[in-house]
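Following this line, the structures themselves.
You will see chain A twice below: alongside chain B first, and alongside chain C after that.
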Partner chain A sequence: MAELAKYIDVTKCTGCRGCQVACKQWNGLPAVHTEFSGSYENPPKMGGDTWTKVRFFETEDNGKVRFLFRKAQCMHCTEASCAAVCAAGAITKDDKGMVVLDQNKCVGCKNCVLACPFGAVGFSAETGTSGKCRMCVDRIDNGMEPACVTTCPPGAVQIGEREEILKLAKGRVDFLKSNGVNAQIYGENELGGLHVIYVLDDKPEVYGLPVNPQAATANLFGSWVSALVGAGVLLVAPFWLIFKDSGKDVSETPDTGVSKNA
Partner chain B sequence: MHEVNWPIILAIYLFLAGVGVAAFYTGILTNLFGSGKYRKLAKYGSYIGVPLIIIGALLLLFDLGRPLSFWHFLLVFKLSSTMSVGVWLLSAFIICGGLNMLTWLAEEDFARNNSLLGVFKGKEGLRSLTGYLGLIFGILTATYTGVLLASTSAALWSSTQFLGLLFLVSATSTGMAALMLVLAWRKEDIGIIHKLAKADMIVVLFEIIVLALMFYALSATVPAAASVVLSGAYAVWFWVGIIGCGLVLPVIIDVAASKKAFGAPMLASILVLVGGFLLRYVMLYAGQAHL
Partner chain C sequence: MSFKWLTQAREKRGAKIIHIDPRFTRTSAKADIYARLRPGTDIAFMGGMFNYILQNNLYNKDYVMNYTNAAVVVVPEYKFEDGLFSGYDPAKRKYSNDSWKYQKDASEKTVTDPTLQNPLCVLNIMKKHYSRYDVDTVCKVTGMAKEDFLNIAKTYAATAAKDKSGVIMYAMGCTQHTVGSQNVRCDAMMQLLLGNVGVPGGGVAAMRGESNVQGSTDYALLFHLIPGYLNCPKTIPGNASLAAYNETETVKTSYWVNKPKFLVSYLKAMWGPKATAENEFAYQYLPKYDATKNYSFMALFEALAKGVIKGMFAFGQNPVVGGPNTNVEAKALENLEWLVAVDLFETETSVFWKRPDVDPKTINTEVFFLPACGSYEKQGSISTSGRMAQWRWKAVEPLGKSEADLEIIHQLAVKLKAAYAKSTKPEDAPIRDLFWNYGTDPHECDIDKVAKEINGYDTNTGKQVASFGKLMDDGSTCSGNWIYSGSYPEEGKNLLQRRDNKDTKGNIGIYANWSWAWPVNRRIIYNRASADPMGNPWSKDKAVIWWVTKDSVTGEPFIDPATSKPMPGKWVGYDVPDFKPTVAPDAVDGVFTGNRPFIMRADGLGGLFANMNEGPLPEHYEPWDTPLAKNPFSSKLLNPVVKVWRKEQQGTPDKYPIVATTYRVCEHWQAGIMTRNTPWLAELFPTMFIEIGEDLASEKGIKNSDKVIVDSARGSIECYAMVTKRFKAYEIDGKAVHVIGMPWHYGYQGIAKGAIANYLTPHIGDGNTMIPEYKAFLVDVRRGG
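This part shows the complex of A and B:
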């Protein structure tokens, strides 16, 4: 099957948070007890019981405050860090490019929570497992759209084949640019290509997106190599140096270090 | 205190695992290079190492969201998952180290009439085989505890390639300290204690170099994450606890102390152990400060 992608146009988002509620309802996720943080943004973080949320940002543009919104959720990365680090085999990528976490297999070690470059995986004390957006794969398999897409009143969130979504996004960016907006796409090439494609009207960092996200396992090989080189050093100094059996040292037993045929 | 996904119990585990495997491989390596002169270190190494690793693995188990589902780990082996590599390294070490320990226990007085332990009596071949395998699995286990943190998206851990090396070196130092502590406690062979102290000094100097290189690089690439340790919330723990008490003071004590007293190496090894724990605590918590 062709790869799918979710399309999110931040310029159309009104910050109503209908997607947050629809996600919780369809996936049976409990409400989270939170306290007022000084912002309408709530809950403060994604987590095991909150798989999507609208993030709120304020910036100043020529003395005028801009109030910005971005729906955040799992990006369904091609190079998915969570799937790479999962030691229980609970996170897999399907043929549509969706990264799906099976809570029946998850043992709750939280490695994926720390591995995700987007902070999109959380731990739920209620289930004892990690949780994250699964792109409503069960709905898609039954010919329906994800819950957040169905519910979005201004049509800021859509789903489709990734190729088509990229075309749609490029068309929208061209339109916005022709109207003087500093528009750009996010997600086309990051981490091998995300399966969530954003249309942004400002730089990624303004919307709290990492400019150059790295896979959690990017450093893996180098870390092992540098440590094993170090292990070699440890083997010689201090162990060999201090504990070698001096009775058999070449400096004390004549001829052992010399070739008689030389 | 900021919110953490991997809590203090993980720091204790990382510490115990490091001390345990390093006490074991210190015993094996010293005895290997000493051509059998340090059998006592190999024995004590297995007595310290195996129980500590088992305690550590149990701590890890209880920290899971669903401890009873841990067997899912045993259906998976994948190199991209450092956690998975670690599960298998721990299992391999516990089996090899455990058999090794049984060959030593079988020689103890209390085992004379024990038919179960008697099976392991005089099994020199099994002892050296499990010892050498345990040495390899032990070094890899000590390394994995650092690489585990490095394969995440926490800036402090993933922006350096030295974390596995740092934890390996620090583990070696704490493992030597644990052996020194046991020998000094039992007032055994002062000569071996001083050899261990000398070796530990070299390891500590190596550790200071690795720490310096690592934080020099981190300060350049991820200054915000590095400053949490160097000048932020964990600065006192880092400079006073880890560098001062855990690294510099033990070296001074080892250099200055008389060559006959048991008190000085005992104090130095306790300081090394405390410093080793603080290193893991500070790195674990500071790394999660900005998540």
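This part shows the complex of A and C:
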């Protein structure tokens, strides 16, 4: 089967967060108990029970305020760090390019949570397993679109064969550029090519995306481990004890204000 | 959801989205042009737009001169001076509209001057009135940047071109003011000036507060109406009998000439065989309200506060959260002997007796709570503001013992009828004789029978009527709501249930076979206006209906099936003509004049000048709570006709210098009881907050996520602060005026809890409708916690 990709056009997203709810509904994910976050963004972080969420950013250019929205989720990387570091072989890539986590196999080591360069994998204390977007492979296998695609009112999120999605994205970028927008694609080549293709109207960092994401391949991971051993850290300590959970979310976004509970 | 279509209009047709709002919102972020105005200054802005369009001759001249009352001459007694129209009585705070009339000639014909030489022509009066709304004054009052105003004026005025159209979408930000009705009238006037009424892509589109607001007004969940926009009878001599009502309420020169047929058919639906010619078709069973009193929401709660009302049904309503002043509403409920609350979850209203700071022991109200079904647990219809009525089927079985509203009402009706069955008291007769043939099983109301009765049928044969054109005033037909007549024209054909999503006629998005729209499945109301006076579409791209004299296939004249004689022609097109289909553009036939599209108006013309309680033209007045000491347009600060109940509860800028406005977020719904109890939605916006600009926050020492206290002349709340770049001080008349915003969804029940915004809002309403002024009031903000 041809590789698929999801198209996310931030210029059409209205930040309604219908995708956030549709994802939880289809995947049977419980609500997270949240408190006021200081922004429209909530829950503050991705997690085992929150596989997608809309990031909100406020900027000001030459006195003109901008209110920006980006649906964040697993990017289904070709060079998928999470799969590379999974201790239990629970994360696999399918023939459509989708990176799928099997929660029945997951042992809860949280390596994937740490390894993900996008902060898109979370851990659920309730199930003791990691969780992330599965691209609704169950729906796709039954001829349906992912839940977020179906629910998105302005059609900012779409699904299709990766080649077609890239064409769609390029066409949209050309259109936006001809209208004076600093548009660009994100995801075509990053990490060997992502299976989430963004159309952005600004630089990736404005939308909280890493400019040059690096894969935590097994080799790279090995070298981190060596470095840690060299630094006197015990090799036996699980990674989640060594690195503190560091999802890049509300708390690190200077322009949206600081969340009291992040 | 509506943004889906805006996005498509932009993608497919190059539409421009203009967003005007005091707050920079998610909509602003996606608009092509965003401009802000101070809450409560819509008329100043729209008056400025009128002035710009009229002074620069940018209006659609052919449309305005032919289809509106622009050329009509007004009586010389008409005056406007210093914020007041002629005929004002300051003691009664009321106008007499005697001086707002059209001039009549000796033969009682309305005087017009198509050359527009007469200064009393409507267009000249309008031009003079709005000449005071120059750009500088408008910007001084609204706080809008001058370049933004000019950009919007230029962009929107361009829709006056015959091959262009523009739609104005509005919601509660427009209506919930002491001048709310006039705000909306400005939208209608603008659309008439630009020729945007009756055309595809035009109109004034109400973004309703919930999915079935249109249905609730169509079916008259309003004190002054009975279903189908017929006036509710009052205690006036002109309404004392059916004959008197028909004489008083029937406008004989418009399609409303048929009103007696609609009313009698309604009475037949209500009282069936007990409504006879001998008893005025049971007209006297209709309650008549005291014409000197108002029975809208605030008036009811003021009466409740005085102890006049003893019992109350709160059907899917949560006035403790949604009412304009929670202190007033919640306290007034304590005077009830009994309260029946019908809802999905325990609302703040249903447990008003255990609200914070109240001792339940001091409250004697007996409260009954009836669990209600959600929309997915029942079948029925909803009506959109496009007048489209759509059937919905039950998707899941109701939870627990919850029941549909219809079933609850049905049980009540069946039991009440049984209780009064043997009564001979005249006051019990309306219930005893009520025609309730939807089944006798108290738990099973035959909804199909309800739908059929709404459409109406022949009371002798029981056969469904085809449309309201078949309704009679002799008791031979019934119809529960004449505007819905035609929705169920034949046995087994409930057209609300249609789901054909093919757009087969033209390319203007008619979708004629998807559900049904009143009247008679017409999708663009007043669509006669889509064609020029001679009956040709203004532009090919915007064709809806047009006049043809010959059959396009045979080339032969049309034959009248009744007389077998040739007809002059007929109106054809993509939509159901909003006109008598055989009246030629140059003909007059009964109430129809061939080149006058607005068939529900007495003169068939769109009203640029039209009587409302506060005058024939919208005029800017400040909100009840205003940051200004003086209205720059006149010496009248407040709308001269609004009713003031609680004079002492007015906020003044010395104590409350900050302007506040309330709003909704798309994650929560209305008074919040359904969404705040949905964990996935509670997670998104878990509690009450205000949005406050960085400038004001720093002035007040407030940091993002701090607790703050917001005070108004009515009350005080504590909540979180969302410090944002999206709010900034306005410059109003050279002074900095800050604006904050807050959602009004929260309360003390459910999963997501938070302070009730409406502790802060005033108990004052619009001069015509009494809709409360939730959208512009004064507060102060300080650090809390």
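Following the convention adopted for this analysis, the second predicted complex is superposed on the first by the 219 of 262 C-alpha atoms of A that agree within 3 Å, B and C clash if a C-alpha of one lies under 4 Å from a C-alpha of the other, contacts with A are read in each partner's own complex, and residues count from 1 in each chain.
We take it that a contact is a pair of C-beta atoms (placed from the backbone, for glycine too) under 8 Å apart; a residue touches a chain by one contact, two chains touch by 3 or more.
For clarity, every value in this text was computed on a predicted model and none was experimentally measured.
Touched residues of chain A, counted separately for chain B and chain C, are more numerous for B.
Look at A:149: by the touch rule set out above, it reaches neither chain B nor chain C. Looking at the shared chain after the overlay, A:10 reaches neither chain B nor chain C.
Judged by the touch definition given at the top, the superposed model places A:136 against neither chain B nor chain C.
Looking at the shared chain after the overlay, A:191 reaches neither chain B nor chain C. In the superposed model, A:19 lies in contact with neither chain B nor chain C. Once the two complexes are laid over each other on the shared chain, residue contacts for A:115 go to chain B alone; chain C is not touched.
Chain A makes touch with chain C in their complex at residues 12, 14-17, 20-21, 24-25, 30-40, 42-43, 58-60, 65-69, 153-155, 255, 257-260. Of all residues in chain C, only 1, 3-4, 7, 24-30, 666-667, 679-687, 689, 704-705, 720, 722-726 touch chain A in the complex they form.
The residues of chain A lying in touch with chain B in their complex are 81, 84-90, 105-111, 113-117, 119, 123-125, 127-130, 214, 216-220, 222-231, 233-235, 237-245, 247-248. For chain B in complex with chain A, the touching residues are 5-6, 26, 29-30, 33-35, 37-38, 63-67, 69-70, 72-73, 75-76, 78, 80-84, 86-87, 139, 143, 146-148, 150-154, 158, 160-165, 167-169, 172, 195, 198-203, 206, 210, 288, 291.
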